[in-house]
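Presented below are the structures under discussion, each in the form of structure tokens.
Look for subunit A in each of the two complexes below; its partner is subunit B in the first and subunit C in the second.
For the complex of A and B:
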């Protein structure tokens, strides 16, 4: 465990140096991210200019949800995408060999080889959105609601991470499967709004097939006190189980890996 | 000249056809955002009865019409050309005795959207069956939307040509394009039918060119505009077309001078 943490911190350091080497790029990236934030907030303002609520969700709730969505999206942009690219290249060119000869957990290593460290700005923005949303809605949050919100946000993100690990592991069986993560990324935008606005078939898709709603709508429901304790525990268990299952799939898949030349 | 365009078509169609699987993934990305807005607005309209006179069915029909309109009028010029300007390989195209943007790049755009439409038709039919929108097309409105779409595409093509030509000056042309894209999303009608934007923003959106290749053709096809509104918007479109063409020529020529001066 200590070794993994040291490996992670070494990767964060190297990647931070890369971001700082291209300072203007990093600043342009942050400016673009802020422009998108402006777009998101403007679209919420226009929406609530002509509606009191969206399926019972007030403006404050929607802003909290936007914060949770941006946390998840930051995970996708800063870690999932860059490492997917690296992974797919590794499979194609055989450079994945170097991962498996390292004396650390291979799944942990392929998850963190490239990190866009500047996206940490996005994490602060997302946290500010969550706090601002809670303040806007004005309803007091109990300790239980706050704790289950945070726990479900983490376990929801873990579930999405687990799905990612499964998707890229499938490349060990189906080598041509290098569009692996596209479906996940394509559907991520559905996480900006409460899942109840979608028609039934779409709600089933984003809850059970690509569980984006579990990582976005569900934690905010916990914050609004809409989840029974049993439901909350159930969603948490799904996150934990998914995480465990993913590492089994990764191990089974990586045993099939035999390099690109052979 | 026609011979030249035909030859360019053969080359570009063959080139685009190789990427049909990738294109399917691209379509999946691009279809999600309008569907999300469709769901959000129609659920609000269902709860309230209507939003600014639009009911849930109107929103569904609007976004499902916007999808093919966006394919027809979109421009991928920046993805074809910007990196070639940056690494200097555009000089091959500059040696040809025809304008590279107004021939090859134009035809490449058309080939891309033709292939996209072929792949999109079955997706569109599935979406229409799933959402059951009240599509208020008439034969007349569909026929009228053909020239509107063609002019709208040309205007958008010229605007994207202007943005792409900025690559002669700056390496940050993709960041500029993204900023433009955010603005176009908000004010062109992709986010919401213009009638719902608040007063001053709506006035600005109606004057800017982006709505002329998104909101306007969509409303024409849905037969929701009066003859006066159609005439006014068409005149505006013609005006913008002339302005954009002149600006494009000026920017492109100035860029070329700079390009040869650098000697890349």
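For the complex of A and C:
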């Protein structure tokens, strides 16, 4: 475990140096990110200019949800998508071989080789949105609600990460599978809005197949006191189980791995 | 398992690997059929290969494309599970991928980059330091030594994409050796390099081997690599070992003939067919060559000197490329 932490911190350091070296790029990225934040907030303002609530969700709840979505999306933008690209290239060019001759957990290594460290700015923005949303809605939050919100946010993100690991692991079986994450990529934006606004088929899809709702809507429901303790524990267990299952799938897949050519 | 001095660092017993590949004929009809029903066939990439390599040896692993060289290296470095047989590298079964094994061996593939293109090699070295758990002192001494041999200081600050192929290969090797592996698997380490860069890499490998006593198994298509580095070679073809022994014995065993080079007075061209098998050689030195069985060299030479007006005569071993080529196809 200590070695993994050391490897992660080395990658963070090296990637941060990259972000700093290409400072114009980084500043433009941050500016773009802020512009999207403005757009998101403006759309909420427009919506709530004409409606009191959306399917029972008040403006404050939607802002909290936006914050949670941003947290999840930061994980995707800073780690998941860049490492997907690297992974797929590694499969194509055979350089993934090197991952498997290194004395470190291969799943951890392929998850952190690229990190857009500047995205940490987004974490603060997301946290601010969550706090602002809670303040806007004006409903007091109990300690239990706060804790289950935080825990479910983390376990929900772990579930999405697990899904990602499973999707890229499928490449080990199908070799040519560059579209491995496109379903996840296409659906991730659904997390901006509560699952209940979508038609039933879509709700089922983002809850059970690509469980983005579990990582976004569910924690906010916990915060609003809408989840029973059993439900909360259930969702948490799903996150933990998903994480464990993913590492089994990864291990089975990597055993199949035989490189791009003989 | 502990190793004592007499245990060879690499021991391979009846190692085999069979791949299943999809088998389909060309053409649209076959493609459609293949979409619904795949047919597989077995490809025996490596068939019951056995050898041992002693501590500190540099062994050339040769064979035409598709002979099974890379497959064998991949099994020995733990990337592939064999279909059968055993291998022991430094006391470990490679494909169990134990930390202890991964930390004491290295794999370099000339055609595949280990280093990230976007960042300077120095940064990749630091990542390796963390991955292999090297202390700062270990890293510094290891890097210092590699720098002394490869002259890395200037090039490791630039992003790898800006380096020449030769510079990049130096960095690739350094990255692969920072953890001071005891066994090196090198797959075409000089591929694509120009002649002088090849020579530098060769000199480095030789010196590294001398200093560290590391055991090296290398494949190469460049005979200069093999003649400069390897006293022993293993030739593999269609997944089977065709020859395992001293490079110097190979021509005697596989091609027991010599080349007699002749230069005649007045540069006349003489029909050499009565003396042996005339051969044309690529180097335009103006000499004519005839190939004769090794045991007949003195007799043929005597006849040539008696019957022709010979100005200059040389006797040479056949070029190693030809000998190996012949070994592949025997």
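As a working rule, the second predicted complex is superposed on the first by the 262 of 262 C-alpha atoms of A that agree within 3 Å, B and C clash if a C-alpha of one lies under 4 Å from a C-alpha of the other, contacts with A are read in each partner's own complex, and residues count from 1 in each chain.
The rule is simple: a contact is a pair of C-beta atoms (placed from the backbone, for glycine too) under 8 Å apart; a residue touches a chain by one contact, two chains touch by 3 or more.
In this text, all values refer to a predicted model and were calculated from it rather than measured experimentally.
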Partner chain in contact with A:255 - subunit B first, subunit C second, else both or neither: second
Partner chain(s) touched by A:208 [first = subunit B, second = subunit C, both, neither]: neither
Touched partner set for A:173, first subunit B, second subunit C, both or neither: neither
A:189 touches, of subunit B and subunit C: first, second, both or neither? first
First, second, both or neither for A:55, with subunit B first and subunit C second: first
Partner chain(s) touched by A:36 [first = subunit B, second = subunit C, both, neither]: first
Touching partner for A:97 - first (subunit B), second (subunit C), both, neither: second
Partner chain(s) touched by A:46 [first = subunit B, second = subunit C, both, neither]: first
Subunit B and subunit C footprints on subunit A, overlapping residues: none
Residue ranges of subunit C touching subunit A (in the complex, touch as defined): 19, 45, 66, 68, 70-71, 74, 77-81, 97, 99, 102-103, 105-107, 109, 111-114, 116, 118-119, 123-124, 126-127, 129-133
Touching residues (chain side subunit B, partner subunit A) in the complex: 21-22, 25, 28-29, 32-33, 35-36, 39-40, 43-44, 47-48, 51-52, 130-131, 172, 175, 178-179, 182, 185-186, 191-192, 196-198
Residues of subunit A defined as touching subunit C within the complex: 3, 6-7, 9-11, 13-14, 17-18, 93-95, 97-98, 100-104, 109, 113, 255, 257-259, 261-262
Of subunit A, residues touching subunit B in the complex: 28, 31-32, 35-36, 38-39, 42-43, 46-47, 49-51, 53-55, 179, 182-183, 185-187, 189-190, 192-193, 196-199, 201-202
